[in-house]
Amino acid sequence: MSYDNELYQQVILDHNRKPKNFHELKNATHKCHGINPLCGDDITVYLDVDEATGVIQDISFTGSGCAISKASTSLMTTFLKGKKVDDSRVVFDEFHKMVLGEFDPEKQEHHLGKLTLFMGIREYPSRTKCASLAWHTMIGALDKKTDEVSTE
Amino acid sequence: MDNAEIMEKSSIDVENIRADFPVLSKQIGGKPFIYLDNGATTQKPQAVIDRVSQFDSEEYGTVRRGSYRLCERSTQLYEEARQKVADFLGAPTKQEIVFTSGTTQSINLVAHSFGRKFVNAGDEVIISNIEHHANTVPWQVLCEEKGAKLKVIPVNDDGELIMEEYDRLLTDKTRIVAVNHVSNVLGTINPVKEITVKAHKAGAKVLIDGAQSMPHMKVDVQDIGCDFYTFSGHKMYAPSGIGGMFGRMEVMETMSPYVTGGDMILQVTLEKTIFAKPPARFEAGTPPITQVIGLGAAIDYLDAIGMDRIFEYEKSLLDYGTRLLQEIDGLRIIGNAADKAAILSIYLESAHPHDIITMLDQDGIALRGGHHCAQPTMIRFGVPATARASMAFYNKFEELDALAESLRKIIKFFS
Amino acid sequence: MDNAEIMEKSSIDVENIRADFPVLSKQIGGKPFIYLDNGATTQKPQAVIDRVSQFDSEEYGTVRRGSYRLCERSTQLYEEARQKVADFLGAPTKQEIVFTSGTTQSINLVAHSFGRKFVNAGDEVIISNIEHHANTVPWQVLCEEKGAKLKVIPVNDDGELIMEEYDRLLTDKTRIVAVNHVSNVLGTINPVKEITVKAHKAGAKVLIDGAQSMPHMKVDVQDIGCDFYTFSGHKMYAPSGIGGMFGRMEVMETMSPYVTGGDMILQVTLEKTIFAKPPARFEAGTPPITQVIGLGAAIDYLDAIGMDRIFEYEKSLLDYGTRLLQEIDGLRIIGNAADKAAILSIYLESAHPHDIITMLDQDGIALRGGHHCAQPTMIRFGVPATARASMAFYNKFEELDALAESLRKIIKFFS
Amino acid sequence: MSYDNELYQQVILDHNRKPKNFHELKNATHKCHGINPLCGDDITVYLDVDEATGVIQDISFTGSGCAISKASTSLMTTFLKGKKVDDSRVVFDEFHKMVLGEFDPEKQEHHLGKLTLFMGIREYPSRTKCASLAWHTMIGALDKKTDEVSTE
C-alpha cells in the first residue's frame, strides 16, 4: 500500500478534532438519526432546504463515533452546503460506490472534490460503513422516508 | 447400448482427472487402489489441497470481526466462497447460504430452529423410508419432544418413493417434509420438485438433504423450490469439517438461533441478547474458515469440469457396473430405481457384507459394508447390511471390472 | 526486573520458532507483519500445514465405519489424536475427549445435553462478568427456557473475580458454574481449582472454558477437578474447524445427545433409537477428520516446545509490554489482574478503538478492536470497546516496541 | 501385505461353511450369549466342564454372524475340547492380544497352535471383535458372571 492511500490524513484528523457544522439546526426542514450498531457510531444530520430552489441552505450534525465517521460527516456538511439536493444525490452515489471499491475517481470522471480523501477505506470493507453513515443519514433525511437509518 | 459402447461414449478424460487426485495413484498391499466409497466421503484434488495449505501459510486470519487487512482479506475470501456456493446451487442471494460443519449439523439446525418453533403437538413431519440417520433421528427427537407425529413415505421394491402414498400422508397438519435428493444406500433420485410443490400446496415447508446429490449433479434450488437444501463439503471433494445449507431468507428470518455465542448477535447484555440476521444468526463462533476457502476451491474445480458432464459420466459408470453385476449369480442389487445415481448396493446370498468388504480390500478395492446409517432402509429390504459401491467421476470402467471379478472370487470362496 | 533483564532471560529462541510459521515472514504494505491477534485465532506452523496436506493427499478416509485398510488407518490416526488431546489435558481416558467444531459448539453441547436435562425452574446457573458471549448466551437461553436464574460473579477494578461474592452466589440450587480459565479481554487467569472445589461442595457441576488457556499454559483437568473443559483448535495453532472438550465420563454418561444423526447411535428403527456411549454419543455425523489429525500435529508441536516454557516466555512478553504501555500518557490498560495471561486490552482517551486498529494496521500491526464478543465486560469497565494485543510464543519483544511506538504516534495524531 | 497375512484362508472358509460343534449342548454346565451389535454377530457358547479335573469335556455353539466370527468360534471349540479351563484362559489371553496386535506369535512363545491363522485381523481393528467374540463369550460362560456379553 502506498502512502497516498493512507486513510488518516491531516484533513481527516482535523475534521475529527474540530468538526465543522457540529451543532443542532433549530430550523431544520429535514433531519435523520443514523446508527452503526457494530461500531457504535451514532449521528443526527440536519438540513435546511429551500423548497423553491432545491438548494441546501444549511446543514449540520450532532453525535459521536470514530474519527472516520466524524470526519466524513463534517466534510460532508462543508461539501454540501450551498449545493442542490439533486447534486447531493449524485455525490452520494459516487461516494458510496467509491468506498465500496466500485467507483474509482482516479480513473473515472467524478464530482467528489476532496471527498476522494476517503478512497483508502476501500481496503477496509468492515469500515466503509463508518464513512458512508453520514451520507446514508443525509439521504434518509431528504427522503423523509424514515426517522432512523441503520447500517445493519 | 452394451458396455463397449458405454465406454466409447465416455464424456470424461478420466486419466487426466485421476492425475488431479494424489491418493488415486496409491498402491494398497501391492495392488492399485480402487476407491469406491465416495458415498461416505470423497478424495481431494490437488487444487483443494494446495489452496488449503496456501491459505493457511499466507492468508489465514479470522473473519468478520477484525478490521486489519489480513482479516479484511480473509473475510472477503470467506464471503466469496459463500457466493460460489450460492451460484453452484442457484440460490437467489449469498445471504441464503449458511455454513455449518456438515449435513448432520444443517439438518439439526433446521429441526431445532424451525422445528422447535413451528412443529407443535398434533402436527406432522414427513420423511421417507430411505433416509440417512441424519435425516431421521433429529425428526424423531423433535416429534417425541413435541408430541408430533412422524410419518414415513414408503418405497416400492425398486426403492422408489410411492408418490400416491405421499399424497395420502400430506395433510394440513404437515409442517415439514424432509427427504433426500439421492438415497445414500439405493441411489434413488427422488422427485424433489414434485414433492416440494405438493408440500407447499399443503402448507408445509420442505427440506431436501442434498448430501448425495450436490456432488454428482447440477442442482437448482430455485427450480426445486425447496425451503432448505443441506450438504457436506467432504462428500464433494472439499475438506472435511465444512458443510452448509441453502435456506430461503423468508423462512430463515422467522427462525430462532440454534447454536449461540459470538458473531451471531447484535448486542449482548447480561439481561438480554439481540440476534443478527441470517446467515450470521446461524453461524455462532469462529467458523471453519480454511475449510470454507477449500470448499470454494472444490466448487471451482467441479465447475471447470461441469456438473452435467460429471452426471453423464457417472451415469455411464452406473450402467456399466449394473450390467456387470447383474450377470453374477447369487448377487442381488438392492435398489433399482429408474432414476438412479451411481450407487450400487450389493447383497450376496453366500457372504456376510463385512466379509465381502475385508476380502475386497485384500484386492485393493474399498467399499463400505454395513447399514450405511440407514437401518430403516435395511429393514425395508430385509437385509442386515449391504456392500456399497459408490462412484465418482474419477472412477474407471476397469475398476468396475476388477470389482466384478473380485466379487465372483468371493462368491466362489464362500460357497 | 527491567525490560532489558526480561529480554535477557527469555526462555525461547524466538527466531527459530518464527521460522516455523510461514505467515510471520510476510510483509504488509511494505512493513514487517506483526501479528498480535492471537486471542482471536493463531497462525499455523509448517508442521501442521504439512500434516494436513499429507493426510489429505495420501491417507484421507472416513472414520469409524469403514473396514477397509485406508479407513482402519484413518480411524486409528483419528483416535490417536484423541489420545493426544487427553494426554495434553491430563484427562484420565481418551473416551472423555469429545471432538466438536469449537468452543462455541462445546459449550452449547453442555448447555443442551446437561443443561436441558438437569437445570429446571428455580435452579441457578453461575457465570462471571468476564465471559465470552459463547459462555454467556447459551446459559441465558437455557435459563430463559427453563425459568432458571442466571447469576453473575462480579469482578473488581483489576478484572479479578470477587471470590467472596462467588461464595455468596453458590447455593444448593446451583446446578452448574461456567467460567473461563483465562478471560479473552482482560487476560485474567481465574482460580478455577478453587471455583471447582467450592461448586462441587455445593453440589454443582463445573464447566471451564479453556479457549484462551489451553494454548498458553499447562492444563491438568484432573488437578482442576472440573467436569467439562472446552477448547478451540484454531486458537492453539491447529486448523480451523476443530475443537472439543473434556467431559468426565461419569457426568457425560448421564447426558442426552445434542446433535443427532449417524455414528452416535447403536440402533435406529423408525420407532426408536438407542444412543451410543460417549464420546460417540456426542459426535454425530462425519467429524472434521483432517482437522482432528491437524490438531494432533499441533499438540505434538506444542509438546516439543513445552507448555511451561511457552507460559514463561509469554509471561515475559506480557511484563515487557505492560511496562512499555504503562509509560504512555492517555493510555489505559483494562485488566490488571495479579495472575494474568499475555493479553493487553488498551483504551485511549483520544482515539476510538476502530481508528486505532486501522492506524496500527497501516504500520503492519494486527490487533483486534471491538467488544471481543464480551459486551458485558465492556459495560463493566465503562468502555464501548478496546484494542487488544494478544500474544503468542512467536511474538518478539521488538514487536511490542513497535506497537508502543505506533500507539504514541496515534495519540499524537488524534490530540 | 504379503499373501501369508491374508485373512480368508481355506481353513477359515471351511469352518465358516461347515462349522464344527455347531449345535446346542443339552447337558452344558456353562453357557453364555454373546453379541456384537455393530456387525450383528450373535452366538451362544455351551461348555461341559468336569468339576473335579477342570477339563472341558465338551464345547459347542449356535448362532449366526460373519465368516470370521463363525470360523473363529468353530475353531475355538475344536481347539479347546479336552483342554483344561486354566489353559483355555491362557489361550484366551494370547488370542485376544494377538488380534489387537499386542502379541506377536511369530516372535513370542505361544500356545495358539493353528489359531495364529487369525493374525491377519490385526490390520482390521474394526473386525477384531468378530474374531474375539467367541472367546469373550466362552470366558463369560466359565466365569458365570453374566448371561450375556456384548462387544459394545
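All chains are identified by letter, namely A, B, C and D, in their written order; residue positions are counted from 1 within each chain.
As a convention for this text, contacts are C-beta pairs under 8 Å (C-beta built on N, C-alpha and C of every residue); 3 or more make two chains touch, one makes a residue touch a chain.
No experiment lies behind these values; they were computed from the predicted model shown.
Annotation of chain A and chain D: jointly contacted by B, C, touch as defined at the top. The interface holding more C-beta pairs in contact, when C-D is weighed against A-C, is A-C.
Averaging Cα atoms per chain gives one point for each, and the point farthest from that of chain C is the centre of D.
Remark: chain C and chain D have CA centroids separated by 48 Å (rounded to whole angstrom). Remark: chain B and chain D have CA centroids separated by 40 Å (rounded to whole angstrom). Separation between the centroids of chain B and chain C, computed from CA atoms only, is 32 Å.
Residues of chain A in contact with at least two other chains: 124, 127.
Of all residues in chain C, those that touch two or more other chains are 29, 66-67, 69, 71, 267, 354, 358, 361, 370. Chain B contributes residues 66-67, 69, 71-72, 75-76, 266-267, 276-277 to its touches with chain A in the complex.
Within the complex formed with chain D, the residues of chain B that make contact are 29-30, 351-352, 354-355, 358-359, 361-362, 370, 384-385, 413-415.
Interface residues of chain C facing chain B in the complex, by the touch rule stated above, are 22-23, 26, 28-29, 33, 35, 37, 40-41, 43-44, 46, 48-50, 52-53, 56-62, 65-71, 101-105, 107-108, 129, 132-138, 140-141, 150, 152, 232, 234, 239-242, 257, 259-263, 265, 267-270, 272-273, 284-291, 354, 357-358, 360-361, 365-370, 373, 375-376, 379. Interface residues of chain A, counted against chain C in their complex, comprise 1, 6-8, 13, 16-17, 38-40, 65-68, 124, 127, 130. Across the complex, chain B is touched by residues 37, 123-127, 152 of chain A.
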